[in-house]
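Below you'll find the structures, each written out as structure tokens.
Two complexes, one shared chain (chain A), two partners (chain B, chain C).
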Partner chain A sequence: MKISTRQLLFFLACVAPVGKLILLPARLADAAQNDLLFPLLAHYLLQAGAVFLALLLARREESFTELLAHAFGRTGAAILSVLFALFLLFASLLPLLEQKLFVQNVFYDTLPAFIVYAPFFLFTAYVASKPLSSYGRVWDILAPLFLVGLAGILILSVGSSDFGAVAPAGAAGGSGFLKGVSSAFSWFFDAALLLPLLGKFRYTKGLAWKGALCYLAGGAAVIFFTAVFYGIFQGTAVNQLFGFTVTSKYFPGIAMLGRVDYLFIFLLALVMAFYNSMALQGSVECMLQAFGRKKYLPTVLSVIVSAGMLTAVTLLDRGFSDVLLGVGKWAFWIFPLFSVVVPALMLPLGRKRREAP
Partner chain B sequence: MKNVAGDLNKTKEALKKLLPAEDILTFGFTSARGMEFCCVFADPITDKELLGEQVIRALSDYDGEAKAEEVAKKLTSPETKTEPSLEALADEVLLGNPVLLFAGMDAAVVVGTKKIFTRAISEPSTDVAVKGPREGFIEDFKTNTSLVRRRFKTGDLRIETSEVGKRSKTVVAVCYLDGIAPASAVEEVKKKLQEIEIDYIPDSSYLTHFLSSRPYSLVKQVGTTEKPDIFCAKLAEGRIGLLVDGSPIALTVPYLLIEDFQSSEDYFVPAYRATFTRLLRLFALIVAIYLPAFYIAAQLFKLQLFPIKLLLTISGSIRDIPFSPSLEMLLVLLVLEVLNEASIRMPKYVGMALSVVGALVLGETAVSAGFVSTPAIIIIAFSGIGLYAVPNLIEQTSVLRLAMLLIAGSVGTYGIILATAFIILYLVTTENFGTPLVAPYAPVVGSDLRDSLIKYNLGSLKQRPKTLRSPNRRRLA
Partner chain C sequence: MKLRKFLHTVPMKLYLILTAVILFSFFSNDFSLVDIQKTAVILAAGIDRTDSGFALTAQLAVPKGEDRTTGGTSSVEIETEGETVSDCVTLIYTKTGWVPKLVFCDLIVIGEEAAKEDVVSYLNYFLRNDYMPDTCLLAVCEGKARDLISSQSALEDTSSLAVSQLFSDAALKSGRVVSKTLKDFAIDYYGVSASSCLPYVRKTEQPDGQGGSSGGAGGGSGSAGAQDTGSGSGAPQIYSAEETALFAEGKLVAVLPREQTLAYNLIGGKVVSGTFNAEEKGKPITLTVIRDKGKVSLKLEKEPVAELSLDLTLRLCCRSISAPIEDIASDRLSDEAIQNAGTVVRGYLEDLFKTCKESGCDLFLLKRSLYRSSLKKFAARKDSLLETVTPEIKVKVRSMK
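== the complex of A and B ==
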């Protein structure tokens, strides 16, 4: 089973954006002094470039570890793969904490016990035990769900938004822009998610361009949503932590129909469950490439990884804002290092020699 | 393997030794010229009238040689063959075909005078069509194959029979259209049938276990139908069908989940109507599985999901209920399942009484006694009706509904979402005979979407489904 070009493009356009719709708008509003669109655009442009590079790597039709092995040998490649797997686990931590906060606040009237979030790790263990290529078919299902979910939310929200509040864009100046950019790095590592998929899809003509453009199309949807979000909440956007769950509640029909917007929120939450499990599965895949695919190893590794992340999320349950600020301040460079620099550095690796005629 | 001997008595005894059952009878007679014959037959399944007419009367003045070929020519039965092996002869007797032995024989003659017990061809109760053919398969294998053969007047229709079941030796026919069904899938079906080691096959449903790639899965992996028109339509798409002797339910592989949202009538009504009803079936199924679960999750964890006026109505009706919402819903669901089970098995004349007991005593009285609330009854009733919109998936969906209810009662809406994610992943990773279960949606197969939940006009369905990998894709010029 190989991932098709269409499935990959569905992921970039319709699944990757979902992780940027919860805390990111409020976080950007805070860090970028309410001038949140330009930092978002900058991240999308940078990450689209990284996606372009990561997809170019697929031309070699080799896995991530095989590509590394050309330059560093089998042992070196295995070590680097494990290092990359650790990065993916680190990168998944904030989205998992964010999702936990989202689940506890949006799906329950009163703050429930932490245990309600624990079944998610059963799910990740199950997902990670499956071949990574099975995601392709999942994306086929998720893409329309995401489109319906986001379109529903936007239709219900857009009438309440005052787009005049977004202008003049760029008013916060260079410092606002830079603060905004540095605070949002932890949300942008989608190119890194593509690296474990190398070898599981075929490079077709123009895939890199198509991928980057689809990623930008998803980014356009996120930027539009962020504009709608800011247009609704304006100065209080900083306090609206759960982006797409709060914008639609001012729709006039809600009073009569109840929170029908929850149907769309549920759809996006479903897409998010898969999106947030990707880093974990990518990490398991990298470790499998490093250690070799033994009979029960995928299941064992997926259980270990999921249990480890459950423990980490439990330990950091109350320290989410500290972690978020700390990563934004001290460790933000790790994200572009692995998601932008690594694909760029890997481009010259293992280049096939031109065969003599 | 022993063969028949020239000595009639010795052969008869050897055959009786192989078939010691009391209902295996022998009948000896002598022709006018003094040649001795003996018929060995299974009493309950042999047509003795035909045997007398086509064998005994025909041989009454036999004066030819004691050779099986010669004797067979004298018989007036259209189905005869010669067989020297005793074991094969024993098998034929057990199939209902009498074996004719005679003095000095080189082989015995097998005569096809099997007694056929059939019921009349009728419309299957599970697949009623307002428009379109109303014939249904019955238990008789030959009738079923004739229903299929009648619809395909081409030599490309292959009906290849084999025996499955060490003791039942049930006849199973693999039906396909040569050049339309993919050869690899046909071979795989035959291989799987050959590998079955079981004593007894009472019904085609037994075979589904052996044909499934995940035999213990909740998810169905083999298509079923009771209607020959549907069966033939599936063969024409490139599927492989299986008819099992004694079963009115035919099997088809590869199976796609979407098949159960399509009905034969969809092809006899305008495309827009077919599309509407297919979407309606999907909606009904989603409602059937999720409505009770979301109702419970909303009551227990997220009251905001209800509009305020509905919330007031619900809170008024559940105020005095002694059970928790999830327990209340589980009880109502349990009652529905019991009523459902009882109504299927109960004699028809008791059905009316059961309806009265179910609707009035259990429903009305339970609400007025304050055991259960009216909304719970309405929700379960709606869910119960929704389940029957897709009758072929009832076994699966009723289990899923219960599972969702339990998850909703313990984890709430997020549990429902995670369970849905599990189901999606499980479904998309299920394949049988190399065909993804959820195609043409995952993976998306653009051309096959024309006959999925959305149905195009017949003129647009020029090609067979790509998912089925038919070597000849064009079906409409």
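== the complex of A and C ==
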């Protein structure tokens, strides 16, 4: 079973943006104040380029490890695949911590025990044991859910926003821009998520351009949401850690009807659950490509990966901000290395095949 | 063969072990959730300054013993003192054994003396609290917040409910009160203008025999209700918030009288069906605002000019003298009434601008306008803007046709 072009484009336009709607707007506001849209735009342009490159690799119709094997041999490719799998696990850590914080704070009115989030890892252990190509149907379902969820939240939020708050452009200066860019790297590794998918979809004519444009379309939605977010909270935006869950509550009807916006929040939370498990599944896929696809191995690896992440998230329960600051300060370069540089370096690898009509 | 069989069952075993560990942990704890019976639901908080720090008066909702059918709210007030607001909130737990819960707190009242110091020195507790609704209303009160929160309302079961009613949509549209939430105030405070306003609440004693909490929205015995509430000392009170407290850098710097409060709301374009008085032929008349278009813009010439433009459509609401039925049937205003109305509103706006300028409160967010229009001009003029700015007031009044 192959992922179709439509499903892949749905992922880029409608699933990938959801990870940038919680903590990222507040983080950017902290780094770049009212200029927060510029670092966001820069990241989207860079990542769209990386998505373009990653999709071009699909022309070879070979898997990630097979492509690497052309240059590094079987053993070298296996080692690099495991390294890439470790990167995906590392990259998934912050989104999982972010999601845990989101669940604990938004769905409960007192801070509940960590354990309320733990069953999520049963879900990832199940999902990650399935073939990566099964995500195609999932994206078919998630795309309309995302569109309804985000549209609902934007409709309820936009009236409360003062868009003048993003003016004047350039107030944070070059240092603010650079700080914003460096602090947001950990949210942008979508091109890396595409690499384990290589060989699971066919390259159709213009897929690279279409993919990059769809990614930018999703990015436009995120940028618009971030502008709405900043317009609502302005100078206090840095204190609003749960992006899309807090913007719609100022809609005048909410006072009368109650938090009906939670319907839309739940939709986005559902999309986010699949998005956040994708890095784990990608990691399992890379390891499978490295070790060979034995019958029992997917489940064993998915359970080990999920249990490992559960342990990591448990150990870092109270250390999220330290991890976030540490990654933003010392390890931010890892993300562009694997999501931008790796696809670019892989471009000459493999042999070109004819494009499907 | 055995090894292969064993390996074949490993995935399921691992998955079952992981499931067992998670489910066992999941169902063997209370998720740190708080039993509702042990929860102090804070409806409102009053904050005063003390010599050593702060005094917090929390109005807690309590179950209503007798008259359950009325659906009203009963409350008790708990007073605590500490060096920080957090100390005070923690002491509620110590004193009562109930875990204080701010998720339903809809009103924070700041005592007049406390408001004269930077209010964010204590409001920051609420801004930091993830479970505090930032839609919570803020108000300043005459005297001590404790006295207001602990007073007995003549109209509602709890004082906080009665005060919150002052900021209903209808009241806001009348232009007689301003309303600010915790979020709005924080945005103003942390904005470049660092100025804001809050409603200024006064209480007035209701003479004996009039009003008094009835113990429920649907009625019930007056005396029983008063006991039920467990709160409220002295005679029943009614509350008003027609005045407005001005803040600069988080400190109370002036109080606007009701006329200037109305003028502020008019220039904000918020008034629908609000009324004010003017004169016609030397006699008072009341005019209703049908349409209100207000705008403030900053013009930078040699000296900065704040242009306050107001476009009002009015109709005659009532006269203070008897009138023929043809006159009563007509809503139209005479030229004299239109002119006088313009003069009255212009006077209110002039006074309002003067009060703001003298107190150093950038209520019209002129600094913010300058900042958003040009960083360069802002850097050059930000310190002198309020001192040098002059008003240019344009009032256009028309009669409803």
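Annotations
Just so we're on the same page, the second predicted complex is superposed on the first by the 349 of 357 C-alpha atoms of A that agree within 3 Å, B and C clash if a C-alpha of one lies under 4 Å from a C-alpha of the other, contacts with A are read in each partner's own complex, and residues count from 1 in each chain.
Rule of thumb we're sticking to: a contact is a pair of C-beta atoms (placed from the backbone, for glycine too) under 8 Å apart; a residue touches a chain by one contact, two chains touch by 3 or more.
Computed from a prediction, not measured in an experiment: that's the story for all the values here.
Once both complexes are superposed on chain A, the partners chain B and chain C fit side by side without clashing. By the touch criterion defined above, A:Q33 reaches neither chain B nor chain C. Of the two partner chains placed by the overlay, only chain C lies in contact with A:P168; chain B stays clear of it.
In the superposition on chain A, A:V127 makes contact with chain B only, while chain C stays out of contact range. In the superposition on chain A, A:S306 makes contact with chain C only, while chain B stays out of contact range.
When both complexes are overlaid on chain A, the residue A:S4 reaches chain B alone and has no touch with chain C.
In the superposition on chain A, contact is made by A:P112 with both chain B and chain C. After the chain A superposition, the centres of chain B and chain C are separated by 100° when viewed from the C-alpha centre of chain A, nearest 10. Touch criterion met: A:G235 reaches chain C, while chain B stays clear of it. Fitting both structures onto chain A leaves chain B and chain C with a minimum C-alpha separation of 7 Å. Judged by the document's definition of touching, chain A residues 108-109, 112, 116, 119, 122, 126, 255 lie at the interface with chain B and also at the interface with chain C.
The touching residues of chain A, when paired with chain B in their complex, are 4, 6-7, 103, 107-109, 112, 116-117, 119-120, 122-123, 126-127, 130, 134, 136-138, 140-141, 255-259, 262, 266, 269-270, 273-274.
Considering their complex, residues 105, 108-113, 115-116, 118-119, 121-122, 125-126, 129, 164, 167-168, 170-171, 233-236, 239, 241, 249-250, 255, 295-296, 298-300, 303-304, 306-307, 310 of chain A touch chain C. Residues 7-8, 10-12, 14-15, 18-19, 22-23, 25-26, 29-34, 99, 101, 103, 127-128, 130-131, 135, 183, 186-187, 190-191, 371-375 of chain C touch chain A in their complex. Remark: chain B residues 301-308, 310-311, 411-415, 417-418, 420-422, 424-425, 428-429, 436, 438, 441-444 touch chain A in the complex.
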